[in-house]
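For reference, chains read A, B, C and D in written order, and residue numbers begin at 1 within each chain.
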Amino acid sequence: MEDYELPEDSGKKPVQPRTSDEKEQVLNRLKRIEGQVRGIQKMIEEDRYCVDVLVQISAINAALKKVGFSLMERHTNHCVADAIQKGEGEEAINELMKVMQQFSK
Amino acid sequence: MEDYELPEDSGKKPVQPRTSDEKEQVLNRLKRIEGQVRGIQKMIEEDRYCVDVLVQISAINAALKKVGFSLMERHTNHCVADAIQKGEGEEAINELMKVMQQFSK
Amino acid sequence: MEDYELPEDSGKKPVQPRTSDEKEQVLNRLKRIEGQVRGIQKMIEEDRYCVDVLVQISAINAALKKVGFSLMERHTNHCVADAIQKGEGEEAINELMKVMQQFSK
Amino acid sequence: MEDYELPEDSGKKPVQPRTSDEKEQVLNRLKRIEGQVRGIQKMIEEDRYCVDVLVQISAINAALKKVGFSLMERHTNHCVADAIQKGEGEEAINELMKVMQQFSK
């Protein structure tokens, strides 16, 4: 297993901490995605047909986007909404738009 | 670790088997991606800031697309080109277009 | 020119009407995009090289996304923020997420 | 109407000229898209609801991608296949991959 260095901690936190239920749901999806990535490695080792591998990669991308959008929804409902209610919405909305644009690439 | 079931083997193979160098290159990238997916799991466990997680997910998506495009290029250079030279290009090109459209979502 | 039927009017309006400056800015971009679409028609008529046409189509898509994101930003700053402040954020955020997902395809 | 300057003519041509039927089909789709772009302009003038405009923009993007993919398919079937048969596939495939990546953004 490769040691992957996390990006530096921005120190920011979700306004409302994720509940353990929320964490578990996201973690389950991510573990499944991790399994899919390992699955493609196996396909490469077994020299499986390129298009079959590509279909799997598309499936992982779709699954990641789905996780991303659910995080984005929670973020908007909590962090962005909270900032707006405090009259500090502008920065939060800018940040949201930027990450959305990155996502839509 | 989750046991992820691979899709049924279509039985097709790359016209030209991947060399061990080629395999290693792709596998290294995929291992790195696997590490990144584990990295996000850790970020969720540590309740890291939503936008920081989203930025990471975008990075993984970009990395997966890059692997996908390099596989697609190899596929076109070998399998599709081979089919065209045998006068059986139509099916191969149809298949390529379909997978490309899935990819561009 | 083809008569294109607008989708039925939902009757909803932006919380804060667009100023004439804002309208003009968006309209200028859209007129430019309209010109680009006519440009591709000319390229097809002149039997220009496929890849050159494709590059142009990508450029139009990028320009449309840019307009879309600027509208989305304004929408979030006004309509969504307003709904949140009135305690009716949930529906507005759901709607925003849906349109964002459509956009990222 | 804005005068939109076409990109400089690369001088390349489709290996097999588009038939007038093919031209007409593509042109009809592009005229419809042009009409849709004018439709959004009207929506902006009438200060229609932001999300309704965004849904329309997504629809245009989808329509443009569809035209793009059909051009790409024809290009692969003719120009790329022709280059491959002449043993000059590499450059054509590189070009195809590049434009595909631009498309998937």
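Here, a contact is a pair of C-beta atoms (placed from the backbone, for glycine too) under 8 Å apart; a residue touches a chain by one contact, two chains touch by 3 or more.
Computed from a prediction, not measured in an experiment: that's the story for all the values here.
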| With respect to inter-chain C-beta contacts, which pair, A-C or C-D, contains the greater number? | C-D
| query | With chain centres defined as C-alpha means, what is the inter-centre distance between chain A and chain C in Å? | reply | 26
| Using the average of all C-alpha atoms in each chain as its centre, how far is it in Å between chain C and chain D? | 18
| task | Quick one: which residues in chain A touch 2 or more of the other chains? | result | 65, 72, 96, 103, 105
| Considering only which chains touch which, how would you classify the arrangement: line, ring, star, complete or other? | ring
| query | If you look only at chain D, which of its residues touch chain C in the complex? | reply | 1-7, 9-14, 17-18, 23, 26-27, 30-45, 47-58, 60-62, 64-65, 67-68, 71-72, 74-75, 79, 95-96, 99, 102-103, 105
| field | In the complex, chain D residues that touch chain B | value | 65, 69, 72-73, 76-77, 81, 84-85, 89-90, 93-94, 96-97, 100-101, 103-104
